[in-house]
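Both of the next two complexes hold chain A, though its partner changes from chain B to chain C.
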Partner chain A sequence: MTHALTQSIWVDGVAKKYGDVSVVDDVSFDVRPGEFVSLLGPSGCGKTTTLRMIAGFVMPSGGRVLVNGADVTYAPPDKRNVGFVFQNYALWPHMTVLENITFGLKLRGRTSTAIRSKADEVLGITGLTGFEGRLPRQLSGGQQQRVALARALALDPALLLMDEPLSNLDRALRITMRRELKQLQSRLNMTTLYVTHDQEEALSMSDRVVIMSGGKIARIAKPREIYEDPRSEFVADFVGNTNFFDGRVVEVADDRAVVQCGASLKFAVTREDSISVGQQVRVLLRPERIRVKNRPEARENELSACIEMIEYFGPTIRYTAKLQSGENLYIETHNTSQDHVIDDQIWIEIEPKHFRLLHRNKA
Partner chain B sequence: MRIDFGTWMLRLFTYVAMAFLFFPIAITLLVSINPNEFILPPTGVTMEWFRAAWTSSKFVDAMVVSLVLGIVATLSANALALLAVLALVRYNFPGKAFVNLLIMSPILIPATIFSLALYVFLARIGLGGSITSLVIGHTIHVLPFAVRILAASLQNFDTSLEEAARNVGASGTRTLFSITLPVIKTGLISSLTLCFVLSWNDFPISVFLAPPGWTPLPVELYSYIKYQYDAVGAALASSLIILSAIAIIILDRATGIRRAIRGEAPGVKS
Partner chain C sequence: MRAGVVAFLAPSLVLLTIFVLIPLGWVIRISFNENVGGAYMRSAWVLDNYIQFLGSTWYLVNTLWYTVYIAFFATVLSALLAYPVALYIARSTGFQKSILMTLVLSPLLIGLVTLVYGWIVIFRGGGILNSLLIGLGVYDEPAQYMWNIKGVVILLVYIGMPYMTMSLLDSIERINPFLAEAARNVGANRWTTFWKITFPLTMPGLYAGLVIVFTLNFAAFAVPLMVGPDETRMIGLLIYKEALINNNLPFASSISVIMIAASSVTIIGLGYLFNKMILNKLEAKK
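Moving on, here comes the complex of A and B:
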């Protein structure tokens, strides 16, 4: 292993064009040794193409791909030593589980004892001991997924690339496998780049998340930073639900600023350095940051609202409420004994620190 | 249960049509086991004609020629077809539709005309009637069928299986032989069997291109029955029919004959 390197993968200004269509455009990021990084974005955002360029299945139109310091931009896929787990698993249907796992080891000319012991090791890790002789079609989706992982791990790859590996599983199994995968990755300290369109997966598993949109990177940050401080409308909207209000800064004090969002709607927000009076801003507010109460307590950012819709999720409940000023607001609360019905008049309160501001251009 | 007139007529028509197709084959088979030459109905069963046919060195030689020719033409056609299909199915290139049409054209042109044209062309370039010409002719003749069947197999082939092999360190060639070909095995078997049967039964190409002393069985049989009227010819014809039937049964077992002919993907799971 290369200890001195700080980057297991370095994607440097990579681009991919098909004719005039730009699928990936100037994408740069790195993955550090032992790190779990997700590429998150809606379908068609270029995340899978980026992953496939790192694996060598797609040739970039520009930029460089470095794996452990070596430029592999134009190396064939069989000369890269990166593990790949496919969305559809891509298990070879004519080979048994054991043959699938050991194919790469045999190509490397390992002795049969070395191959057998490595196979036993990865079968053990992935919980497949006893399934060696099965054919892929005799396995369930979850088991096939494990074989795909075992096949990649058997070669001790420099890093593991995964392309939506859990998206073909049903929800319950997906969550179980997600936890197992994360535990395994931590235990093996396996450098991993993980493509997903599922924000829950990305947030819960990753050390860092790379959010892509329209072939470009929208944001690279830790899961908590992405959620708490999205810094762009796209990220705020794509990761979790967000309430948006357009407004203008009307007052700036020591630690407070006041944003006017319509004739009779004002929010006091925690002051950010770049704020000045007269600025056009977009105010973001996460639905679970809103406190619901039955009577006013004469506090800051206290508003009355009327419940228009209730979505019951079990552990949480989402209300769609109409403010007196006319705006709709999503509110998400924990499922407590306090129960509201449609047309209930409620009071809400928002702490100033829960608002996030985005600058708007005065169009 | 009431079955209406139309249904009855359809059934009748179907049976008559099938009888019409099978009658000559049945007669041939009957004649070849009939002790009294050409007197029907047969008065007993004999293997004498088969014995005579299979001990005639002329026929055995012709059978060996047909066998070797069939195998060589089948293998070369399938090797070429595989390469053509990989390009046709996986890539877009200018003139693709034309190339496709060109490969399929031997099916569209009447066999006699195609054979004559090929003979004239090969004679011009100095090959004429030769073993090479015969192999070339048969290869071109069966190529469209191989392309059809292999294209169907590869169209449904999940290319991530190949990417997975490349990813664990297999070269392109290794991937073809260890992954692609085994996965499309049933399609490949269909193609090989069908191509062999087509070459084995071909008459017009062989008539034009076979060199002296290297005559395939159908041509040998034709020249025999042209001058001699006995049941040995029928026995030989029966042998050809039975061998073709066996091959077709193998093909059916491997893939389902209808799917093979229609060019649907044999045995590839989605």
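Moving on, here comes the complex of A and C:
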């Protein structure tokens, strides 16, 4: 098996249909040893079903699932040695923390000394030492989350699957747990596949992100590539906010192209190889790439706009501004001393390299 | 208590007082009266009736203990039969589920007397079941299933089934399905998952079912009357005979009080056992 050494998980053309409804459609990706990969997508995109097929809770309608080189596509869940952390933790309510953690070890017939030392180890790793005798309902959400993780880690799984493990926690705890989880994963070099609908989680924790939409994979890339170069409207829109303009390439020079978006709106963009004059394109522009200033400086891509709406987030501020040509534009700035109010006339400037172009009407 | 709460509770409290507490108090009072010559009773404060029952090995063993035994046996049988039914219903969906639920509950829709006579038609000597068994060559002559204690148990089990099934179904459906998946994930097969996860978590439903069905069985009156042997020793029937045939109200009353006490003790004992075993872990208590 040539893939055994380089792929901890290999999902090969996996599909799931319920009757005529296709939930997962020809999904292929891999997770390499020690890698943290996220499955990111909106509700109903098939990410959880994909994860559950790897764990064996759902049987695929087609394709193959390989874990460390072994085909486990139709293996029962108890024969896979993959750790799973459930969204609602799924701790057994009639068992103490220790019993929850050691249940799997007991099933494997380990000696009580071995069980105890493994339990102590994972309790230590997850910061649960001292909570052994508690029942799940006597724990906070964050603590329950740790028990779920400890239970999975106790079995030294080949890989760890997590299904939105942080989504039931409040925001502050979620961010703390996110960092702890990532640190732990790096320290243990634990191969992890992580399902989330939270783009921040996916971008901040992952080595690579698999974006799913409508049961299909929309993009597989590193977080930075996903955000900076989304390559599709869906990805651009789902990950972060984006300004979209439809236009036509009217000029191509050495390193510049000019895109005409409406009668009086033109952008100079960095030239991409595939661009030619006359092409219909969609221009993508991230709101934080727009520079706001109070007066014109006679630069490229300099436009005047009027502020119509202000959303104050604390560290950042989002303006909705109307360009003179009539289009609306999202602008995100750091919260610095410079303050604007509604109806302020401002100037904006965009460096050509910040635009991304998508081809339209390929024909 | 707030006035609004009192207003809501008042109607049921009034009904409870009129139809349960006052008659109960009256029964307790009568149980201390004297019975004169098996004919009428005289107002008194004597323990004769209790002594007559509790001082007699025959009454204690052959009626009280016997009733506990039969009632408990029938209750456990209904639980054993109802459990797989409840599991099956819990796993079915949609129309199939409604049909199954209706079937399980259907005995409750029919009057007890109709029900019992229906069963007699099936189970009696020349009944459907015997014709079938003889036709199949299982027996040469009819087996007697009615008018003996077998008949009583069969019918108690049958009547207990809907209550037991519903009670179990409720607790099976309350179990988070991910709990079983989590067990499979750490290496438990289906069988272990059932015994270590699903079964313990249905204990609240099993406990409730046992209490309801045991109470009904222990106080059973119509079933032993209709299909029991002539000399039935079920305590409910004994009370009926003492009160209405022997016209000994004080003795009937004291047996009633003893019956309520015995039933309560059994339920409390059962509760203690279940609580020690598992319920204390499941109940919210901080």
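Assume the second predicted complex is superposed on the first by the 357 of 363 C-alpha atoms of A that agree within 3 Å, B and C clash if a C-alpha of one lies under 4 Å from a C-alpha of the other, contacts with A are read in each partner's own complex, and residues count from 1 in each chain.
Criterion: contacts are C-beta pairs under 8 Å (C-beta built on N, C-alpha and C of every residue); 3 or more make two chains touch, one makes a residue touch a chain.
On a predicted model such as this, the values are computed, not experimentally measured, just so you know.
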Looking at the overlay on chain A, is there a clash between chain B and chain C, or do the two fit?
clash
Touch test for A:94: chain B only (first), chain C only (second), both, or neither?
both
With both complexes superposed on chain A, which partner does A:135 reach: first (chain B), second (chain C), both or neither?
second
Between chain B (first) and chain C (second), which, if any, makes contact with A:151: first, second, both or neither?
both
Check the residue A:268 against both partner chains and state whether it touches chain B (first), chain C (second), both, or neither.
neither
Looking at A:125, would you say it contacts chain B, chain C, both, or neither? Reply first, second, both or neither.
neither
From 2-10, 254-262 or 272-280, the chain C stretch with C-alpha clashes against chain B:
254-262
Could you give the residue numbers on chain A that contact chain B in one complex and chain C in the other?
55-57, 76-78, 80, 82-84, 86, 88, 90-94, 103-104, 107-108, 137, 151-152, 155
Under the touch definition given earlier, write down the residues of chain C that touch chain A in their complex.
176, 178-179, 181-189, 192, 196-197, 200-201, 278, 281-282, 284, 286
Residues of chain A that touch chain C when the two form their complex:
55-57, 76-78, 80-84, 86, 88, 90-95, 103-104, 107-108, 135, 137-138, 151-152, 155
Mind pulling up the chain A residues that touch chain B in the complex?
55-57, 76-78, 80, 82-84, 86, 88, 90-94, 103-104, 107-108, 137, 151-152, 155
Chain A partner, complex, touching residues on chain B are 158, 160-161, 163-172, 174, 178-179, 182-183, 185, 269
